[in-house]
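Common to both upcoming complexes is subunit A, partnered first by subunit B, then by subunit C.
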Partner chain A sequence: MSKIKGFCCNYTLSVEVDALKEEGLVPEDLEIERLPCTGRLEVPEILDAFTQGAEAVFVVGCQVDKCHNLSGSYRASKRVKYAKKILEELDMNPDLVEMFFAGRGETEPVVEAARTMASRA
Partner chain B sequence: MCTMYCPRPVVDTYNERLDITRAPHIDYAQAIPSSYYIDAKACLRVNYETCNLCAQTCTAGAIDFTQQPKELDLSVGAVVLAPGFGRVDEKVLEKFGYGRYPDVLTSFEFERLTCASGPSEGHIVRPSDNKRPKKIAFLQCIGSRDETCGNGYCSSVCCMYAIKEASVAKEHEPDLDISIFFMDVRTMGKGFDDARKRAQEKYGINVIRARVPRVDQVDGKLALTWTTGDGEHHSGLFDMVVLSVGLESPEDADLISRVADIELNHYNFCRTSVDAPLVSSRNGVLVAGAFQGPKDIPESVTQASGAAAIASELLAEARNSQTVTVTYPEEDKALEEEEPRIGVFVCHCGVNIAGVVDVKAVRDYAGTLPGVVLYEDTLYSCSQDALKSIAEKIKENRLNRVVISACSPRTHEPLFQETLRSIGLNPALVEMANIRDQCAWVHAQEPEKATEKAKDLVRMAVAKARLLAPLEQPTVDVTPSALVIGAGAAGMSAALSIADQGYKVVLVEKGRSLGGNLKRLTWTLDGQDASKVLKDMVKKVKAHRNIEVLTSAQVESVSGYVGNFTSTISKGGKTQMINHGVIVLATGGREYKPKGYGYGDSTRVMTQLELEEKLARGKGFLRNAKNVVMIQCVGSRGDDMTHCSRLCCTQAVKNALKLKEAKPEVNVFVFYRDMRTYGFYEDLYREARKKGVKFIRYTSDRKPEVIKLSRGIKVRAYDELIGDDIEIPASLVVLSTGIAPGDNQELSKIIKAPLTSDGFFLEAHAKLRPVEVAVDGVYLCGLAHGPKSLEESVAQAKAAAAKATIPLAKGKVAVAPIVSKVNQDLCIGCGICESLCPFNAITLEKVGKRKKARTITASCKGCGICASHCPTIAISMGGFTDEAIMAQIHAFSPEGCEEE
Partner chain C sequence: MIIAERKPMKELLEMVSDVKKLLIVGCRGCVAVCSAGGDKEVSILSAALRLGVKRAGGEIEIHEDTLVRQCDPEYIDPLNDKGAKYDAVLSMACGVGVNFVADRCPDVNVLPALNTTFYGANLSSGEWKEMCAGCGACVLHLTGGLCPVARCAKSLSNGPCGGSQGGRCEINPDVDCIWQQIYDKLSSMNRKEELRQIMPMRDWTTAGHGGPRRRIREDLLP
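Up next, the complex of A and B:
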């Protein structure tokens, strides 16, 4: 299992992760899971990533006011907040999970998110 | 000087704002006129009445701030509009990250980057960090074939220029990884497909058929995503993205249209018609170049000549009414024959030469050379004042040889020759030493060595000058008539134009009637009735009193040279001789007769022209038709003919639309490799897609097959998107057969006009002389030159007519003095020279009992092949005699000079 796990909405990140790794733009141990919409992401899934060995987890969705599915990324951000709370209760660092937003098709915010999380892990 | 002292920096618009220059500047070294100008918007003197530095520093006193704008009234007989093209709006480019990401460039900017005289001296660097990029992507169709920005047309030139820029970049940096993203690769120009192949095979440039929707930046790299024809998504990172921007109508097209009172088309280009592509909606207002529609350099140059021809037709009566004839004083033969009295003028060229080479030292050195009686330095030898003073000094000192030690004879020798002529000296008595290009420029870092080399060059030039001999400048009278070979659309247009300009024309056609391939056309590409165009043309030709038509006739032989050709023409078993001054080749081409695809086996398989003929007769034959399959590039771009036939794509689209019009429920499938509906024909392609014509791409290694069934036929082909073979039961199969060259072989031998590897006639220079043949006095137009549409043929025919009337109008052809001369006493009549001469300029004639070679001066180009091969050294070249060249070489070592 990779150390950094990211969940991406279908409308962000236009470059394949392997290409980004090749260029050294993102950490080698990054794994990205592409979702049709981050709104479908449930809290257990985020926590599951940790149980499977991830050291940090992030979610990238559309800009809140420009979400392709209207409220998808807003829901995701709420669920990330719950996940943070649970981590706190478990005495873990709540910053190990984070929500990020990216414009349509933009890759750069995803790369930044991966780097930020790598520094926290 | 002015540029150096000006305190006002301005952005260099010539270098696409990538560099900075000063308010007074010259756009580029070859600009015409080659003089500096002041950017009035930036100049401090003009705007704030301060500064005035440049006017004080200009040693020539050429800056005059008192000049005011003037209004001129000219009365003219014709107006030619050639405002060129406009730029695609930056808003369109912003979609692709231009302006947001520094490493997204336009193709114009990239062109400047790859140019040795550009802002980075030809090194390709990223604007963001000045580092060399490794991966470059070219995005095509930016601002063309894009309805979202209002430009639904194809800009026609971007595919080829992107390939050119990529090839130039690869030549400079072989490790570059370059990908070009095309929709269709539209390299339909003459020889362009070969260049594309070379780019792919030799330079390894990746051709990707996909349209990239947007450009994204990730940590300084540019991210692209695209989808290929098989439906796969791809993405990649690049260091630099070049946007191949299209050509738009000029920004002030509306203003031009109002001022000139002409109509524009729906894309704001000048409106013209297929049978008169250079004529605007207003009588006497002509158009040439990209304002008529996007086009490349060869076509623009062709159109420009064509517009000149039409202007000459309109002005035929006024010809020579306002010409000024230059007169020269008698040559001073006595002075020329005296011992050489050489004058050496060493030029500073401002700081161009003097900045590196020690001009005064070179001047003084020249004075020590034997035969030199005058040695001087001049600031700008080529300025009017300096020329005058040089002329005076030549007279005062009775010089009879002049050495100008300055720049390139290619650009400036005629100027100095003219000066000599104006004071009664033979122009051949001037010699140039190019110490600017060959010393100051290339050795800018080593001024001392550059000075030594300049001395060497001057010494060598002086040595040669001592042996210069005056050369005659003969002129030959011209027979004021033309022979036009071939009476298709091109031949008839050319004949009409020459005749309208007031010269006799003999129009020779090998077929029984006039019209050529135009006879078989039913509609022109813009939907006009082709037979009407043909009828009008034939009527005019037949009625014209200056045109003599010979049908069922053939040219047997052509002898003579520009101005004085004699041709033998056979007609019905009889031959006749015709004298004429020029020849226009308009021999046309023919429809390629396809092999395979079941052509000839089944009546259901036909060519596009045959389909047109059927459609013209009525739509009855479509009664039971369900599926019509068209196959593109049959014959073209393949094994039989390597060239692209240019117009079959548009022809297929046009006929598909006609089919849809005749029977909307019929399914039309078009199997293509690249749809090359360039220019405004893109509209037709879009319309066909909208009307439901199905376009399916195939590759040359997986061609569609026509399979004969017991009843009917079917077409099997690979569909990339499905990833599998598809089968279509076809009611009709229409083959888009290309254009094959006519039987040019024999004529090529008769006229000594070279052919391309495809069998078409080769023009003298693709861009600069697109309608001339290497042989003087022979001009070229229509399908004989290469595949092209009716519109292009007519424009080219006019251009050929323009060029052909130049010698006719002059009445005399001047023969360049640098020609070969045979010493018949030495000649042994071996004939080597005659067989080698590429211009037919040497003949063997009987002198007494033996054969001797003789140069036909009017045809000789002075290439020197004959002189270098003559076994008895009987041939010498004017201006470059063996003795003079040997003296020049000997003078290379200083000792050699003393020996002389």
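Up next, the complex of A and C:
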């Protein structure tokens, strides 16, 4: 498992992660999992990413009011909130998981999110 | 419904510290509706325990299951054989379910994952409020439907105590004085005169003060 794990929806990241790595825009140990919608993401998947070795986990979904599936990214943000609570209960830094929002097909916020999380890990 | 909430992770990790093989069993009844112990919460707790145990340097094998209810024999009796294959069964039902598993599944080491808190209603997503204390002698017909047993901090029967100020309870300004609300409700229904009638002293044996309660309906017995 890469040290930084990101979950993105189909509508945010439009570039291959390897291309971003080649350009040195994101950390080498970044792994991104694409979901049809971040609303599909459940708390256990976030926690399991840590169990499998991730040091920081982030989720990038559509802007809340422009979600392709209406409320998917809003739901994802609530799950991230609960995952933070569990990390806290386990004496882990809750900032090791974070929700970010991006416009359709925007790569930059994803790159920014990956860098932010790499600095927290 | 019965409202419950997950115990803190530290308490749960301590509880399963010697457990190598664990079965987490949810309940699709009340605790699923109040988002404390249904299918979803089972898988979250399972993932949280895996992470917690790993961080503590331990190992645990966790399996998941959810029953329709844990307060009916037909659903929990099969758990005796299944649960006996595990070091422990962590029940995500209310205390009723945990007790019933303990009573009927002698080969199972059952542990509680939740704190059972009260009988309440769902005010909005993520917010529940106590409404009834199961006193066994309901007086709501006298109080405009508002419960003075569960919703008055002192369970008073004949009006507010001296600490009722501005419609708020003296225990906490965020808590409504239910007797003020009863008065307002009966007034709005032109029934306020009924409050002059003194409620007799209550017999609390029906409320559990006379020991564990049991209800029998002859016509339904097998």
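As a working rule, the second predicted complex is superposed on the first by the 121 of 121 C-alpha atoms of A that agree within 3 Å, B and C clash if a C-alpha of one lies under 4 Å from a C-alpha of the other, contacts with A are read in each partner's own complex, and residues count from 1 in each chain.
As a convention for this text, a residue touches a chain if its C-beta (ideal position, glycine included) is under 8 Å from a C-beta of that chain, and two chains touch if they have at least 3 such contacts.
All of these numbers come straight from a predicted model, not from anything done at the bench.
Visitor: With both complexes overlaid on chain A, does A:T51 touch subunit B (first), subunit C (second), both or neither?
Guide: Once the two structures are laid over each other on A, A:T51 reaches subunit C alone.
Visitor: Counting only touches as set out at the top, which of subunit B and subunit C does A:V15 meet: first, second, both, neither?
Guide: Touch status of A:V15: first partner only.
Visitor: Return first, second, both or neither, reflecting whether A:L90 touches subunit B, subunit C, both chains, or no partner chain.
Guide: Touch partner of A:L90: subunit C, not subunit B.
Visitor: Tell me which partner A:V43 touches in the superposition: subunit B (first), subunit C (second), both or neither.
Guide: In the superposition, A:V43 touches subunit C alone.
Visitor: Applying the document's definition of touch, where does A:E23 land relative to subunit B and subunit C: first, second, both, or neither?
Guide: A:E23 contacts subunit B only, not subunit C.
Visitor: Please write out, lowest number first, the residues of subunit A touched by both subunit B and subunit C across the two complexes.
Guide: Touching subunit B in the first complex and subunit C in the second, no residue of subunit A appears in both lists.
Visitor: Which residues, counting only subunit B, touch subunit A once they are in their complex?
Guide: Going by the criterion above, the answer is residues 214, 216-219, 221, 223, 225, 235-237.
Visitor: In the complex of these two chains, what residues of subunit A are touching subunit B?
Guide: Subunit A reaches subunit B through residues 14-16, 19-20, 23, 25, 105-108, 111.
Visitor: For subunit C, which residues are in contact with subunit A within the complex?
Guide: Residue positions touching the partner: 8-10, 40, 43-44, 46-48, 50-52, 54-55.
Visitor: Which residues of subunit A touch subunit C in the complex?
Guide: 42-45, 47-48, 50-51, 82, 86, 89-90, 92
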